[in-house]
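Before I ask anything, here is the structure I am working with.
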Amino acid sequence: MSTPTTAARPLVDGGVVPPLCTPLTPDRELDVESLERLVAHLLAAGVRGLFVGGSTGETAYLTDELRRRALDVVVGTTAGQVPVLAGIVDMSTPRVVDHARSAAARGADGLVATVPFYSPTHPVEIRRHFRAIRTAVDLPLIGYDIPSAVHTKLDAATVGELAGEGVLDGLKDSSGDLDGLRAVLDLVADVPGFRVFSGSETVADLGLRCGAAGLVPGLGNVDPDGYVRLHRAAAEGDWDAALREQQRLRALFGLIGVAPADRMGRYSSAIGAFKAALVLRGVIRHGTTSLPMVPLDAAEIAAVGDHLSRAGLSLAEG
Amino acid sequence: MSTPTTAARPLVDGGVVPPLCTPLTPDRELDVESLERLVAHLLAAGVRGLFVGGSTGETAYLTDELRRRALDVVVGTTAGQVPVLAGIVDMSTPRVVDHARSAAARGADGLVATVPFYSPTHPVEIRRHFRAIRTAVDLPLIGYDIPSAVHTKLDAATVGELAGEGVLDGLKDSSGDLDGLRAVLDLVADVPGFRVFSGSETVADLGLRCGAAGLVPGLGNVDPDGYVRLHRAAAEGDWDAALREQQRLRALFGLIGVAPADRMGRYSSAIGAFKAALVLRGVIRHGTTSLPMVPLDAAEIAAVGDHLSRAGLSLAEG
Amino acid sequence: MSTPTTAARPLVDGGVVPPLCTPLTPDRELDVESLERLVAHLLAAGVRGLFVGGSTGETAYLTDELRRRALDVVVGTTAGQVPVLAGIVDMSTPRVVDHARSAAARGADGLVATVPFYSPTHPVEIRRHFRAIRTAVDLPLIGYDIPSAVHTKLDAATVGELAGEGVLDGLKDSSGDLDGLRAVLDLVADVPGFRVFSGSETVADLGLRCGAAGLVPGLGNVDPDGYVRLHRAAAEGDWDAALREQQRLRALFGLIGVAPADRMGRYSSAIGAFKAALVLRGVIRHGTTSLPMVPLDAAEIAAVGDHLSRAGLSLAEG
Amino acid sequence: MSTPTTAARPLVDGGVVPPLCTPLTPDRELDVESLERLVAHLLAAGVRGLFVGGSTGETAYLTDELRRRALDVVVGTTAGQVPVLAGIVDMSTPRVVDHARSAAARGADGLVATVPFYSPTHPVEIRRHFRAIRTAVDLPLIGYDIPSAVHTKLDAATVGELAGEGVLDGLKDSSGDLDGLRAVLDLVADVPGFRVFSGSETVADLGLRCGAAGLVPGLGNVDPDGYVRLHRAAAEGDWDAALREQQRLRALFGLIGVAPADRMGRYSSAIGAFKAALVLRGVIRHGTTSLPMVPLDAAEIAAVGDHLSRAGLSLAEG
């Protein structure tokens, strides 16, 4: 069907590839300096790649202009130290291809795409979708399985088939379905260079235990060192150390629940908490989130600080 | 919160406002001539408005450039004969506002927006979303309730509240939930100028019976005369005539199922069938649909023709 | 497959067939006297049948012993004045057949069964289920479509096929899906004696407008006269009178929401409100509901009374 | 609220507790001899308890009489060698309590109950449900989290609260949600004697890795030795051996998919395959399943045999 052009050597062999938050100014413009500092913060922790334009990065909330500027800043700041993956999240093939071309022109090293959403889709159409993206833009392509957002599972059989064709070079699994993760890993075992990444904050160790190569945790913005340690312990076969690190990170992840369910949605609460934590840690300047998300209030921000302290993370002086 | 600027006089008082198909050339560019003919075909039938950028119009599949060009053609061709409503379907407030500004600049008379999707949303955020759109662009704003696409119900309480504030001027109900439709109609009974439109092809008569002012049926592309007759009969209180017309149109609507479920999704089949019918009726030139939809094959197109014949619709000579 | 033994003459030709509440004593035994009075209350209103063992009757909450005793009381009290239908709700064919035999032995005139639930089911298995019930017990069998409870739609194609075979003699549609109701009505148009009943309180008029023969509204316990008037108006073609009655009943149905969502589930609230209304109207003695439902408090019961007053229903002196 | 009567010493400390299949004769009576042989087969493998009346045991399909007889046989055959847990699966508290009393009278050592189903439920009602069961019958009570069947998650907060009260003594987690499993394990860490069991065939090793004490795998009927080895390896900290055993068992579990999706539901296929495997292994006599399940055909049974052979399991001579 398509000609695999990516070699057996994967773009990112494994490790931690955090999905970057997108720092905003109080009037919701890109906060360039904060984004540069976030990149530096992550690189200093030893991450192996950066993922711009994921759900954690409010990609669904960013105008095309903001998406482009954020990618420009990350590509520029990273300067080739690690690969930069660009999320090209949109409803359908033509719109996704537009994002893909834009990201390629801006220097992205790889692309991350979901199945189509909004209009109901179908397994045949999902295959056509990824094939058309891969044909349109010659960059490594990662499938993004996030049924909580797109309401369709990117199933193992589809991933296996597209991996075998050279259409997909990897998978970011944000489904939380470890049985499905194992099914994918079985099917791609013989596909050279294919890499599976777990997008889960709280069962990351289990994903690695199953054979995932790397991690794409939103919480990795807040505590990249923790996930790098977790990954390293797993890579060295020290599963007990990995488990201890995971337990600490699971507790820290409780910060996403600081806002009550009658005040805002869980996504507002989670993104707000990640950004509040980055402010408290001195990495970014503002906790501002996109519209229509609801901002955290002072008590909720204080509760985020408590989570950081309990996890042993230092706060910026202020 | 916001200042209602729309007067008690609604943009479209009622009647049929079809959600236009978007004719494409075989290489998936906009087929301008076909779109002009489609507009003429609909205006000739007595529609009371045109809705560009709905689900039927493949809005989820169109690049921004294609969306803009389609709106330009419809505004230009319509030339003020009836109002043109523009769908501004996207995942979040900032992206929707971008579409709203573009549509306003192109001469749309009103806007149609869904609740946020992709990231999980929340009632408070839905209110913030519509208020921000209404504040950003001073055009009549219609809420678009389509839970099959966005996976969140735009509930009656929210519609009632936003109607009372002057944020929403109407509702396009594509939920199929007639109990919910009644709940909305109760809540907006005292809001001058608020109009409810049913987006259902097969229970349109029931929506009118409940008090909806108008219809936005995708099948109205294929048989606008039928829906205009149905609406007129209802307006005149001739419910038996409305029912007979509805029964004929329900049978015709069976054309959306011409393709088997293992070949393509139901959306591919429906949009493909609408376009095939428009080709067979001599209105547009090509049945091409957007990627990644699967095209109908010859047998399926023939089956569409059979549906048209059984419904008493004339086919183009050829 | 099976031999239709029911003649073309339906068990219940149409009209109102309320799903009886099951009055309980404060210690949750059957309140026989109250049940007898409820039957009398309904018969006096002109109902055309009685349905024992529906969702409104707390059938999911009644032990087999309580189910049997309730049916005995209703059959005895009704004494052949109208047919008595028995719900035989359970998870699978063998369990449903047990209930069917018991109901037949107690004098039920017809049976009402859902699709299998708990274990995931399948269209082929649904057909086998109804055929086996019909073979085991020679009574008219009504399919009960209640996807909110069983999480599987009893789809039109299945109903049509089983109607044609003489397995199903009718349908109780509690899905709220009027498009689906129309699909069923199309398919059974040529099946003599097959009758469709709408289980919806708030779109009952629309169901009749589509061709349903009768109504099975839970709220019919509280205001049977209202539903009998609604049905009669529809039967006489006076759709405006039917609509007015429906509007009054829709408002009354608001009583199911008297309890807040953080205190109890909506089913507790609805059944509690029906029973409270029957107490306030002097029909039954106690508002007790089954475990683990939460009882209404005094303020909630008072709110039920307000709903009754606004609907013009007289309360018992007390 | 309730007085914990169960001591800190758990009924089953851990290990494998298979949910027994229920062997039937060709006319769907209990096949007593086969059930006795199944018990012996499992005890010989070193299981630490037996669970009668789970989903694997077709509990949703068994009449009360059949449930009782199956429990009698298992209690009698086991003769106290290991504890016998009885599933008391039904829709509501009164019905579940009836089953609980029957099981206690028959000698069950513990009870396993789901949240209420059929009628929509609520967190407050779920708490009332388990408390009422525990009060009615003084036996250890295990919560059964199986959202695929009951369509409501038994969430961690509820389990934690009920564990703290002494109402629940354990959890059987058949949700596949390992993040949720971790949340439960955190909350019950200080509750003496509380034990968590994973009901998953394919991520059993991960459940143990998270801290689950034991396993309740349906596939454990077919290959109890495999799960006993898996559990032992995990208990000894030999996670690589556990993983290898899990990989073999995951492949074997593929036998549940021998029947195509257009022939029967996945539950028919799974239960049919387990029973066919037990016949092929010489443990039970008939592969008969309950109505309305569809029987496997010869080719499908042969495919089950292939799965057994590939997994290294010996077949009975025949």
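Letters A, B, C and D mark the chains as written, and numbering starts fresh at 1 in each.
What we mean here is this: contacts are C-beta pairs under 8 Å (C-beta built on N, C-alpha and C of every residue); 3 or more make two chains touch, one makes a residue touch a chain.
Quick caveat, the model's predicted, so the values are computed rather than measured.
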item: If a chain touches chain B and chain C alike, it appears here; value: none
item: Taking each chain's C-alpha mean as its centre, the one farthest from chain C; value: A
item: Centroid spacing, where centroids are CA-atom means, of chain A and chain B in whole angstrom; value: 35
item: Cα-centroid distance, chain A relative to chain C, in whole angstrom; value: 50
item: Set of chain A residues in contact with two or more other chains; value: none
item: Complex contact set, residues of chain D against chain A; value: 176-179, 182, 186, 200, 202-203, 206, 209-210, 239, 243, 250
item: For the chain C and chain D complex, residues of the former touching the latter; value: 28, 55, 60-64, 66, 89, 91-95, 98, 116-122, 124-129, 132, 148-151, 263-268, 290-294
